[in-house]
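Shared between the two complexes below is chain A, which pairs with chain B and chain C, respectively.
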Partner chain A sequence: MRLSPDLIRLAVPFLALAALLAGVFWLQPRAMSYTGLNLLFNLAVPIALATLAQMFIIAVNDLDLSMGAFVSFAACVTATFLHDTPVLGALILAASVAAYAALGVVIHLRGLPAIVVTLGMSFVWLGLAVMILPAPGGAAPAWLRALMTVRPPLLPMALAASILIALVAHLIIARSALGVLIRGVGGNERSVARAGWSVLRAKAAAYALAGLFGVLAGMALVGLTTSADANIALRYTLLSIAGVILGGGEFVGGRVSAVGAVVGALTLALAGSFLSFLRLSPDWQIGAQGAILILVLALRLGLDALERRRRGRA
Partner chain B sequence: MTLLRKPWAWAWIAAVAVYAVTIAATAGASAAGLAQAAFTFAAFSVIVGLGQMFVITLGPGNVDLSIPATMTLAGTVALKFMDGADDRAVAGLAVALGIGAGVGLLNYALIKALRIPPIIATLALSFIVQSTAIWTNRGIRIKPPESLAAFSTGNLWGIPNLAIVAGLLTLAAWVLLERSAWGRRVTAIGQSPAAARRAGIAVDGVRLSTYVLCATLAGLCGFLLSCFSGGAALNMGAEYLLISIAVVVIGGSSVAGGNSNVPGIWGAALFLFLVVSMLNTYGFGAGPRMILTGIIIIAVILAASLRGRGAEGG
Partner chain C sequence: MSDAPALLSVSDARLRFGEVTALDGVSLALRPGECLGLVGHNGAGKSTLVNVLNGGLALHAGSVAAGGRAGRWDVAAARAMGLRCVFQELSLCPNLTVAENARILHRGHFGLRWRAEARRLARAALDAVFPGHGIDVRAQVASLALAQRQMVEIALAFAEAGTPARLVILDEPTSSLDAGIAGQLLAHVRRFVAAGGTVVLISHILSEVLATATRIVVMKDGKVVADRPAAAFTQAGLVAAMGSTARERQRPDRAAAAAAPEPLAVHASPRGLPVRVAPGEVVGLTGLAGHGQTELLRALHERLAPAWAAGRDPKVAYVAGDRRFDGILPLWSIRRNLTISALAALTRRGLVDGRAEAAAAEAWRTRIGIRSPDLGLPILSLSGGNQQKVLFARALLAAAPLVLMDDPMRGVDVGTKQEVYGIIRAEAAAGRAFVWYSTEIEEMELCDRVYVFREGAAVAELEGEEITEAAILAASFAGHAAEALA
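Moving on, here comes the complex of A and B:
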């Protein structure tokens, strides 16, 4: 069987996840159950949503260093305004998505470095979050709590939701006209413009989608944890970047995969649980995520080289 | 007027303006104390900022995200090694610098071996370094040796010792960047790696030494910061990730690389500290303070883009 490089790229994150899952099951066979899987992937949904948000930004060759702060902000709004005054809460969240779109417009029009603008925005989101919730607290809206703890048949909520989210994001980025345009901007901005498309609109749409998925990540997080605080998701900035790359995305060229990104996020979420099964100290949890990232990238490089050599011989 | 054309002039003007506004609030009572505090805290930002500047100069995609983790690990291990003994102070410094250099070497080894963007390599490694720091620290706070604690909090004729150290390093960095062949090579690589290679520059050697230099400075900063604050803390490096990038960019260096300057880093570091103390003086809480800091960072970048599009954009 011949494997195309693209297929390898998509297969590697699945392989990594399968290997990790096999390791967990081998160490603890009881994890191989509905409840076990539910516990293992408990926090996977918000991480997956944040990773997809980052993916839309990376698709247009930018990088969002404010993702963690933004998800924290969305979580704080969800646990306070959306719980107490749903209409106002929804308005604030909608406005923050609009703010993301506006960021995309400003970054494009003025040719600003996205890294620095989002770095500045991370202070803004965090400041707003601290003002909304100076101390940990708030409460999850009842419907959100019910949605996140629903127990669908066959598959645990975390996995079922991840598959659904991956599917929706895949349809947006890989199958829709807008998705093609967004990836086109990442691939070659000038030729997209020459073909008569609006680069500005594509960038605004990519940033708006990132804002939307970031809001959803914050909401999902509150649905699981039932309360929020301003620092709840700060780690998501780096985790989301790692998830996109783990899933076969590239920083330049509009090369991203929604399915890969979700699988990457699941792998990172599982890395933590894996360690506790190995009875290793939780000190190494972050380190394990780094090690898995390095291993997966090495694996991809190895498979790519193998494939190239085979093609050279043929 | 030629002074105003310098890319670093604006950061200094902004710092002086903020200083004046802050002093005005207290009717000049705190002028000397504020200046001393500003130079002390700016020293830390400058030390990591100088390293980050050389890395950013290498061109798009070159950012060292492992600075905070390196600072924490170097500070933790060095303090543990010295165990409060004055006669181990020099050896402790060597340990911190060695850890930094080691992380830098590993960073570049990953970049080269896995052919991945530096952002991902330094990110993945920082996870592992951070875990190592957590593992060595174990929540125990070891006091620095008396002599080092006294040195890092003391001053010479009113100038904080740390500011003198950072000042000497700045001078060395300026000579390296502007007057040495190595610095010219770093800049050349940032402008065009392909052209630099054709011109016979050993691109890999220069990039390797840049990453080692950056991580070594991070190690030094972690060492000084833990001596200054009476012990190493696990989160002590956290804020320096954003600060190290912000001082470079606000200081007028190009984020796209190939065009950096040293004086701007001091202006930006002083500016960032003074903004926070100005907002403190005027009674702003933590939330609004962060929001304004973020807005000011974005405003500075916008202003820079309006000033000189051709050279700065990208």
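Moving on, here comes the complex of A and C:
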């Protein structure tokens, strides 16, 4: 059977995840249980949501450097306003999604580099988060806490949620007309415009979706940790970018995969646990995590090169 | 001629890009049920005219009228009329599948179950134009071969979706198709025209145009120079119509080139003639734009200037044609833009020798005549022609024996051109070699030897007195005769 390049692209994150999981089970067989899996993947849910948010931005050839700060901001709003005055909290979160759409509009209309705009916005989000929660605190709304700690049969909550999220995002980006349009803008903006579509609206929609998934990431995070802090999710910026790329996405060309992005996020979350089980000193963990990332990306580049050579011969 | 109202007409269209007149009073009417062949050499104004027809460019003077009524003409109006365009550069989204591209191209045509509909539409469109195409409409466009991508794009332009296609503009549609597939396309064009549609066909394969078009318009220098039924033309007649009337040759009388000195560089490619250049020679590359000339320059540059081995004596220098893309450093001063190529020679103990740099820049300012009071001013303070002079000076300042030029005179005024021609000849006389790609045929007459490119390879080599506009045109447009009729 001839594997299509897309399948190979998607296989790499799954293989990496399986290899890491095998390593974890081998080091710590007790992880191979309902509770064990839930613990392993618990914090992967918000990372997966943030990765999907980043994926929508990358699909239109932009990059969001404010994702971590935005998720922190959403978490702070969730732990304070949404807990104390649900209506006001929901309004603030909706306004922040609208702000994301507006960012897309400004970036497109003024031809600004998204990296610069979002880098600036990261300080805005962070500043707002600090104003809301100067010190760690707040509380998760009860329903959110209940939702994040529900114990479904068969599959632990973390995995069930990841599968559900991946499916929903896949429907949006790969199956819906809007998703085709967003990826079309990433692939060839001019031809989309020539066909009579509004590139502006497509970009605004992509940014709004990113804002929506960012808000969901912040809420999920608070549901798990029960409180928030202005710096709670700062590392999500780079994790989300790494997750998209790990999951078979590319920085330019509108080539992204929702399923891949979620698997990439799970892989990144698992890499940390794997290294802890190895009893690696925390000093070395970040470096080792980076090494795992480079290894997986090298594997993908190798497969790509192989595919190109095969096609060249054909 | 015919009494039927024109589907689309332009009258007295005029358009200028800076120094260049792209359209100089073009009038053209497209009627239902005709296939108009549009031919002309580089810069004749074909692409500009197409962009005016499809609403992409607004005219400076003159008007566009659809169905006999003049009005606002833009991309949306063109689409609403049923105008479809296939451009020379591929305009599909490579990351989407064939069916998804159909969805993008024909918006507003689909319901909730659009995936199945789009697949059906794409399949039907391909079957109609290219029976037995063997293309999977669920495949990503990037995974298709170049010819298949072009087939998809053409088929989608003819697809029956939304506003029916009434006018299809095909710009070099067969450039990457083999003869059999091209034959299928041309047969479809004839069927489409017979059913009352209108096609504008631009192609460098004249036999194709002669066999398919009902009427042929020849353009030259932004003007229509011939407009007759296709039957009134022959291949030789078309080539002759594209050329200009006899003109004073620019070529200065020179002593015949020295008896074949050792070539400085040879670029042999699997197809076509090897391109040779010897010291003191000016070698021209010509042919229609995009037929492999720039690729040859890039390949030569890559081979002679490897990434690791830059140093004090470079083997090759490059004059960019697209100034903004790979030419100027827009934030730097004129002086720094000029001396960057010879920085290694102007450096002492790792530091740039400011006095030597200023002296070198000043010497070239007077030699090549850069019109600026102060070389410390930013490069963008100069006019386009003077910026191009700085790029020339940059290439000549590097002591490289070979200079590659990628259509450097694009958008440069006549005065500057004459000055630069003089310097090129002087430098060549001093032993430097030039490889000069130009889209302007007149410039080829300044060369010692000329290679005409077609479809990625050099197909003809002209020397000395053989370098004439007629010979270049004949070589650019020949070929394929037998295949196209298949």
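Note that the second predicted complex is superposed on the first by the 305 of 314 C-alpha atoms of A that agree within 3 Å, B and C clash if a C-alpha of one lies under 4 Å from a C-alpha of the other, contacts with A are read in each partner's own complex, and residues count from 1 in each chain.
The working rule: a residue touches a chain if its C-beta (ideal position, glycine included) is under 8 Å from a C-beta of that chain, and two chains touch if they have at least 3 such contacts.
Owing to the predicted nature of the structure, the values given are computational and were not obtained by experimental measurement.
S.K.: Tell me which partner A:G196 touches in the superposition: chain B (first), chain C (second), both or neither.
M.R.: In the superposed model, A:G196 contacts chain C only, not chain B.
S.K.: Classify the contacts of A:F14 with the two partner chains as first (chain B alone), second (chain C alone), both, or neither.
M.R.: A:F14 sits against neither chain B nor chain C.
S.K.: Who does A:L112 touch here: chain B (first), chain C (second), both, or neither?
M.R.: first
S.K.: Figure out whether A:L297 sits in contact with chain B (first) or chain C (second), or with both, or with neither.
M.R.: First partner only.
S.K.: Which partner does A:F277 reach: the first (chain B), the second (chain C), both, or neither?
M.R.: neither
S.K.: When the two structures are overlaid on chain A, which partner does A:F251 contact: first (chain B), second (chain C), both, or neither?
M.R.: In the superposition, A:F251 touches chain B alone.
S.K.: Residues of chain A touched: more by chain B or chain C?
M.R.: For chain A, the partner with the higher number of touched residues is B.
S.K.: Take the contacts of chain A with chain B and those with chain C, and give the residues found in both.
M.R.: Dual-contact residues (chain A): none.
S.K.: In the complex of these two chains, what residues of chain C are touching chain A?
M.R.: For chain C paired with chain A, touching residues are 75-76, 79, 85, 91-96, 100-101, 103-107, 110, 114-115, 139-140, 143.
S.K.: Where on chain A does chain B make contact in their complex?
M.R.: My answer: residues 63, 65, 106, 110-113, 115-117, 119-131, 134, 238, 241-242, 245, 251-252, 281, 283-291, 293-294, 297-298, 301.
S.K.: Enumerate the contact residues on chain B facing chain A in the complex.
M.R.: 61, 63, 65, 110, 113-117, 119-120, 123-128, 130-132, 134-135, 242, 245-246, 249, 255-256, 285-298, 301-302, 305-306, 309, 313-314
S.K.: Considering only the defined contacts, which chain A positions touch chain C in the complex?
M.R.: Where chain A meets chain C, its residues are 4-6, 175, 177, 180-181, 183-184, 186-188, 190-192, 194-197, 253-255.
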